[in-house]
Amino acid sequence: MGTVLKRWKFPAIMLGPFVILIFLFFFLPVILIAIIAFTNMDSAMNWTFNGLTNFHKLVTDPNIVQIIKNTVLYLGFTLLINVGFGLALGILTTYFVQKESVGLVFRTIWMLPRISPPVVYALLWLWFFDPSAYGVLNSLRALVHMSPVDWLTTHPMTAIILANGVIGASYGMIIFSSAIKSIPRDLFQAAMVDGASHWAIIRDIIVPAVRWPLMFVTLWQFLSLLTSYEYILLLTKGGPLFDSEVLALYSFHSAFKNFEFGYGAAVSLVLVIVALLFSFVMWKFFRMEKMLGSSKIE
Amino acid sequence: MEATGYQKLTIPTIHPVSKWKKRIPYLVAYGILGITTLPIILMYVWLLLSSFSKKMKFGFIPTSFTLENWSFLWSNVEHGGSELPSIWTATWNSFVFAGSLTILEVIIGIMAGYALARIEFTGRQTIMKMTLLLHAFPSVALLIAVFYILNFMGLFDSIWGVVLVKTALQIPMTAWIVKGFFDDVPWDVEWAGMIDGCSRFQVWYTIVIPLIKPGIAAISIFSFLSGWSEFLLLYTFTVSDNNVTLASYLQKLISDPNMINYGLLSAVSLFYMLPVLVFFIFTQKSLMQVSAGGGKRV
Amino acid sequence: MKIELRNLTKSFNNKSNTINNLNLTIEDGEFVALLGPSGCGKSTTMLMIAGIYKPNSGEVYFDGQIVNDLEPKDRNIGMVFQSYALYPHMTVLDNIAFPLKQQKVAKEERYEQAKQTAEMVQLGHLLDRKPGQLSGGQQQRVALARAIVKKPKVLLLDEPLSNLDARLKIEMREEISRIQRELGITTILVTHDQEEAMTMAHRIAVMKEGHLIQYSNPMELYNKPKNYFVAQFVGTPPMNFLRGTLSSVDKKSNVRINELIIDVTDTLLDSYAGEKSQDVNVGIRPHDLKLENDGDICIEGTVSLIESIGHSQMVNVKVGNEYIRCFVEPNIKLEYGSAIMLTANIEAIHLFDAATGESLKKHNVETFIYN
Amino acid sequence: MKIELRNLTKSFNNKSNTINNLNLTIEDGEFVALLGPSGCGKSTTMLMIAGIYKPNSGEVYFDGQIVNDLEPKDRNIGMVFQSYALYPHMTVLDNIAFPLKQQKVAKEERYEQAKQTAEMVQLGHLLDRKPGQLSGGQQQRVALARAIVKKPKVLLLDEPLSNLDARLKIEMREEISRIQRELGITTILVTHDQEEAMTMAHRIAVMKEGHLIQYSNPMELYNKPKNYFVAQFVGTPPMNFLRGTLSSVDKKSNVRINELIIDVTDTLLDSYAGEKSQDVNVGIRPHDLKLENDGDICIEGTVSLIESIGHSQMVNVKVGNEYIRCFVEPNIKLEYGSAIMLTANIEAIHLFDAATGESLKKHNVETFIYN
Amino acid sequence: TNGNESAASQAKEPEVVTIKAQTAGAEITRVDNLVAASEKLNKELQDQGENIEVKVETNSFSGSWDDYAKQFMLAFQAKKEPDIYATGHENIGWLADGHYILSLDDLKKSKEYKDVVPTLWKAAEYKNHIWGALQDTEARPVFYNKDILKKLGWSDEQINSLPEKVKQGEFTLEDMTNLAEEAKSKGAAQFGIVHRPVEGPDFQALAYDFGGKVYDASANKIVFDKKAVAKQLNYYYEIAQEQLIPDNLTSIQWDNIHKMVVNGQTLFYYGGIWNVFNWSQGNFHDQLGKVDAKWVNEHFGMMLIPAAEKGGKPLTLSHPFVYTVSAHTKHPDLVKRLLELVADPELQADHAIKTAHLPVTKSGEENPDFKADITLGNVAYMSDYTTFLPNSNGFPKYSKAVFSAIQAVELGKKKPEEALKDLEVQLKNDLGDQLQIIE
């Protein structure tokens, strides 16, 4: 008994607050949502169970195909920018830019989008894509005598992916650059002596050393993107029509525009199932359990 | 020379390299950074200019300088027919919220991250998987459910309730990131600490934590940022009007789409960004100086 | 503090045991050296004594008390890690003062003592540096200072001097010995420098693949190795071996090495009851070989390699198809390929069963009494 | 590859130079050992040759070409870092194969060679481990294997064997020497084991506080130390010193140590033009002292400490108020406090100016020709 | 003696009853008027000898209407909701269905609400009960640009009589379209017509104009009147095809809409009278920046939405604001009295003038200050031509779906027929048995 208590005391203290918080404000709500998905809760906030009606409604929704297509596009490309470019930024600003202060300047600039209030950030992009000849992109076109284009209507997904990508890239950048900073210097030195080119150092020293954050950011950003809609809402509101509506935004629209909490919960539940599948695949793909090494203090 | 097992050497010739050739990778790196960073710089320069000018020619070139948009700093400006609250109250409230969130999140996060990285106990993997999967739930979808929990606990309309909820929503991320950093701390210093008279807990905070400063820099900037810009939760879970934060101040500026004053909005946004910028640079400067190195790692 | 290890077993995976049923007793105030090939489990044993690793089975006793479940911090141990394990974020001074801080020694006093210890390891001028700014040897000395500063009851030194130059090493050795003696600290030293082990330790434990092979005082270890492994492991340069056959004729035993026949009864063997002849390894230490031809045993060979090491020459001599090493005065001129005659005293010969490796030599039953 | 360092200076802060105007030439295929006290700048020098640190001033030449701006990866160097610097996320095999991978050696071939090299350092059975699961000595051997696997033109070894046991160390030494010789690799070795330096290196460079003090072949270094620093630094155990006065009477010079007067003209000094008497340090290596009383010089003293190191006894003798060390056969029984008479050949005596430290002894002008 | 003492202390310090009132947006007179009313109430209470003092705590929510609704839902569950919740009348449906609010049938009979513009009560009625105290209403006129008409050669007289012609049904929707086309083709204006870029009530006005029905109050069902909706879609399709409206109108920012209108780039603008207020607050005019009501009146006229057919009835749509009373309130009687007092004509007029809205009672409209207001005085008559949105909780979904269809036809992504078909599917899906389809 005593030893059991002793063994569990430390992890219990360290994990206690974490587990309690998560249980109360994350785990329980998730259970509640799963229940709500089977009700027709609406603005009156009554829990009336209606079986699978919500799910039936979802599959017969005329726009669902378009929404799913958008979701896949959005996810794939934004994730690519977030992780790929984020890593590139992290490496560029910590490995190539050797002067710490210069690296910091670049990192700071890339942080700007993230620390801007989303409305303002969206505003900046709206200006960038402005349909008039004064928009940044259009004024570039004007230089070569091309007529202005209404980017947000003609290419809503591209705009959304770019805007989200830039924000997401800064997330990756911060985490990766911190991780790269933690690599002992003598490893770089050894690699240089071993004849490693810059590319080889990146591939064989930096990437393996940041593999945990890399994997984490990929997985986390994947899930975040799957469930995020804020910038879409601000840039295109899912429009024109359903041209840039994604599942998460749809869930939001159902729950908080139409006050169909039940239906909204059902949409999220579908999202979660998709997320579950993908995370499972990635968990295996990244061989995550291997990264939970055993303790060397016994 | 031709003896046992060793194949004949190709003798490499050393070319007197110009300094330029060596610098090519760096030049390319700077080039990529510069080109990709330029649009962002432009966007924010525009934001800055528009906060200081009455009007923008072509929406881009400032025509007349004015400080009018910044007058919210020394007086309570009027917007849309009603007086806005003092910016300083809002700043203070935001600061309290973001500060307490950061402290709570960093503390709980590094506790949990350490446990997940370094302590062996059954259920470690399960916890990691669970926290990840919870993230698959769109947090908006959870609002209703979280409301029920908060209401049950009597924490509805309390800023501390929101701090707890926000912490819970973010803590998995923090713990995950931090775990990666703990993984890279050599075991031997931890051993040394224990032998030098520390308990496991003391080792954790006197020795291990200073070694993951870059990781702490990363998570604290993210939690501060998210607290600073938190809007939805505060907006949803508090009703009293005495908790105006910068985010809700900003909301007042944009809530009526008919009455957006873009000059004022730019100025307020810049003001809004400033503290995070300062916090970012401060954490980067103080925490990114890594003290790794020395000794052989185990 | 008296330390006892009883039936200690430790394995890192389920396949094999890194430490295998280890029994070792270290008396209070004793200085013991651990010797053994790389990877034999010396560091692991130390870490178990320190309480970092928990044995899979077996017990560790401190002064007769079982301490398996005692936390490292409560064991009052000082340790130099093979990897130094300095705290990278602390200055040299803070590193050294750290154990005192944990003992809640007042700040001033703590830094005072840390400074003194730093002076002792000749680091007084580097107190403000971080470990990353030190040379290898300087780092190692910080580790040493940190281990001794709190005057622990038990001192575990895992190669504490490996990166120091010869002079400094001798000085540090003397410091360690002095502190150990003055404070009566029970000390365990892992070292690969046999001279270090010999001169510093009261007893030496020789390990191999997680087993304890021999545990005795330095001279006994040197002169009376228990088996072939110890004989070939202890002593630099290592003992020379020649293969031979032991057989008994008319109650008189002899060893035959090529043409050489050495009479061994009485002098070397208690009695040899073997009927059949038996393969043996005959060992002679290089220092026991003289370049004369008037000893008990004469060995003929040809010079195959001469290396000068300052105060003498190390010569490789080909005997039959085997090589043996010996030392020759630096002023004697030898030529490659020339014939050479080496002699040795019969007492200097060691005999080991070629199959089991056990020593066959008669040893007076002496028990080492530590005082 | 011939390596030249010209006027090399390096400092880590603006206060003092870690390396100070260093000039050193290493011929193609030569094996040079760097010797010097802890923190004198050996590792820093190595890292500058490797191209990791850039000198503040001065140049590094490879085969006559200035390479200051050549990237480390283009220098074709193999290096064992004092800290090993193993790649923690790669297995032993991958660590060793890494340099080959950079040379774009095909995968199969690469692993084949890495395995062979691993066998050579006796790690064949640990290929799948990560560095964190190895013992200290095993890690060091991985570092060694990684340095030699690509058969570089230049091999930089920063204490490559410090954590290996005596036997393994000898084996590894032989491997390194063999590869070095076979492939003609220009090699620089930092070691604190003087025997290692003596037996392995063609030339030894002795450094002190970032300066090169003496650079010559091992025997010359041993026998003809240029100054007091080298004399006391080289040789284990270190040379004994007694303080004396050198003076000249009737064109005949002599050294007076306490009551002992040693006649030194002709035999030791070219000529001593000094009018006034001068303080000198008189050095005699412990191995040059014999327990007889028929040598050129007789020194009387009392036994103050006896240490057994197996093949002989190390005895501290008190002479006047100073101590000297000597070796005595193990079978001679000495008693503490008893008087003892030591003798030495006059040739074995070294004389150093007490003020400048410069050697006063006459040295035949011999130039070392490396072959 | 004890009783006396306590009575005495009570006399000194009256019992304070706090009533919380909430509104959203910048028009804080909606709650400030309640404070003013509470002063009157306190006087009345004092006169009646009741030892109660009513204190009104006010709060103005900033954010979207959806969020405003959401907050009330949650606050109500937590019993932290305001006693008086001011909101758009269309919310009455869900508020009543969810038992959030009290029915206020008595109010209709009170003297303060006697002279309410009769049609307006419809807006506060749901399931045969009155659920809200009417607070204000507004007009959503069509603005026309006088300068452009002048360029087309219209005389001042013609220009100023246009609203009257519309009122009489002489100037139809088609005429309006043609006029817009003329202005555009002659280069007098860049665009003919501009409407709001985002979803909103205005679009339903067109359905009503085409004779459509959106809601069946007796069955409490949303009506999908296919014929009318087809016409509605067709209308938007045509004005888009003929390029009378800017390209991608539905993706233009509000401030640009204002700029277009104020700078005279468009002849017609489906707006709201509060826009006059907006234009006085923001720098929309290229040269002048902010423009006041007088300027607006000189350059713009306001008219009803013309009838679809000659002689038909023109209309407008309004969106009355109501005070609703939380079902949890502890002082229903006091709250009701407060709501009666807040209908005071002066308070109404004050609010109307400050925020460019219309009062709900005749006496309010008669208020001299109100009458004197150049903009409001001109449009007060519109209350008689007004229509409302249904009070059903299914309506937001309907509105959103119709807006999407309009967007689709305007962008030319769908023909009106296609859009209609898709709309039907969508509505069936969204509304289920809440929907009633009229072929």
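Letters A, B, C, D and E mark the chains as written, and numbering starts fresh at 1 in each.
The definition used in the following text is that a residue touches a chain if its C-beta (ideal position, glycine included) is under 8 Å from a C-beta of that chain, and two chains touch if they have at least 3 such contacts.
For clarity, every value in this text was computed on a predicted model and none was experimentally measured.
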| item | value |
| --- | --- |
| Chain whose mean Cα position lies farthest from chain C | E |
| Farthest chain relative to chain D (centres taken as mean CA coordinates) | E |
| Chain whose averaged C-alpha position falls nearest the assembly-wide average | B |
| Mean-CA-position distance for chain D and chain B (Å) | 53 |
| Mean-CA-position distance for chain E and chain A (Å) | 40 |
| Centroid spacing, where centroids are CA-atom means, of chain D and chain E in whole angstrom | 95 |
| Touching two or more other chains - residue numbers and ranges from chain C | 52, 82-83, 132-134 |
| Junction residues of chain B, two or more chains touched | 187, 191, 194, 200, 262, 292-298 |
| Residues of chain A touching at least two other chains | 184-186, 209, 256, 296-297 |
| Parts of chain C lying in touch with chain B, wherever the complex brings them together | 47, 50-52, 71-73, 75, 77-79, 81-89, 98-99, 102-103, 130-134, 139, 146, 150 |
| Residue ranges of chain A touching chain D (in the complex, touch as defined) | 184, 186-187, 189-197, 200, 204-205, 208-209, 211 |
| Residues of chain E that touch chain A when the two form their complex | 66-67, 69-70, 73, 77, 94, 97-100, 247-248, 250-253, 393, 396-397, 400, 404, 407-408, 411, 413, 422, 425-426, 429-430 |
| Interface residues, chain E side, partner chain B - complex | 25-28, 59-60, 62-64, 67, 70-71, 74-75, 77-78, 80-81, 198, 253-255, 258, 274-275, 277-278, 281-283, 354-355 |
| Partner chain B, residues of chain A touching it in the complex | 7-8, 10-11, 13-15, 17-19, 21-22, 24-33, 36, 41, 85, 88-89, 92-93, 96-97, 100, 104, 106-120, 123-124, 127-128, 130, 132, 134, 136, 139, 166, 171, 174-175, 177-179, 181-186, 198, 209-210, 212-213, 216, 219-220, 223-224, 226-229, 248, 251-252, 255-256, 261, 264-265, 267-268, 271-272, 275-276, 279, 283, 288-289, 291-297 |
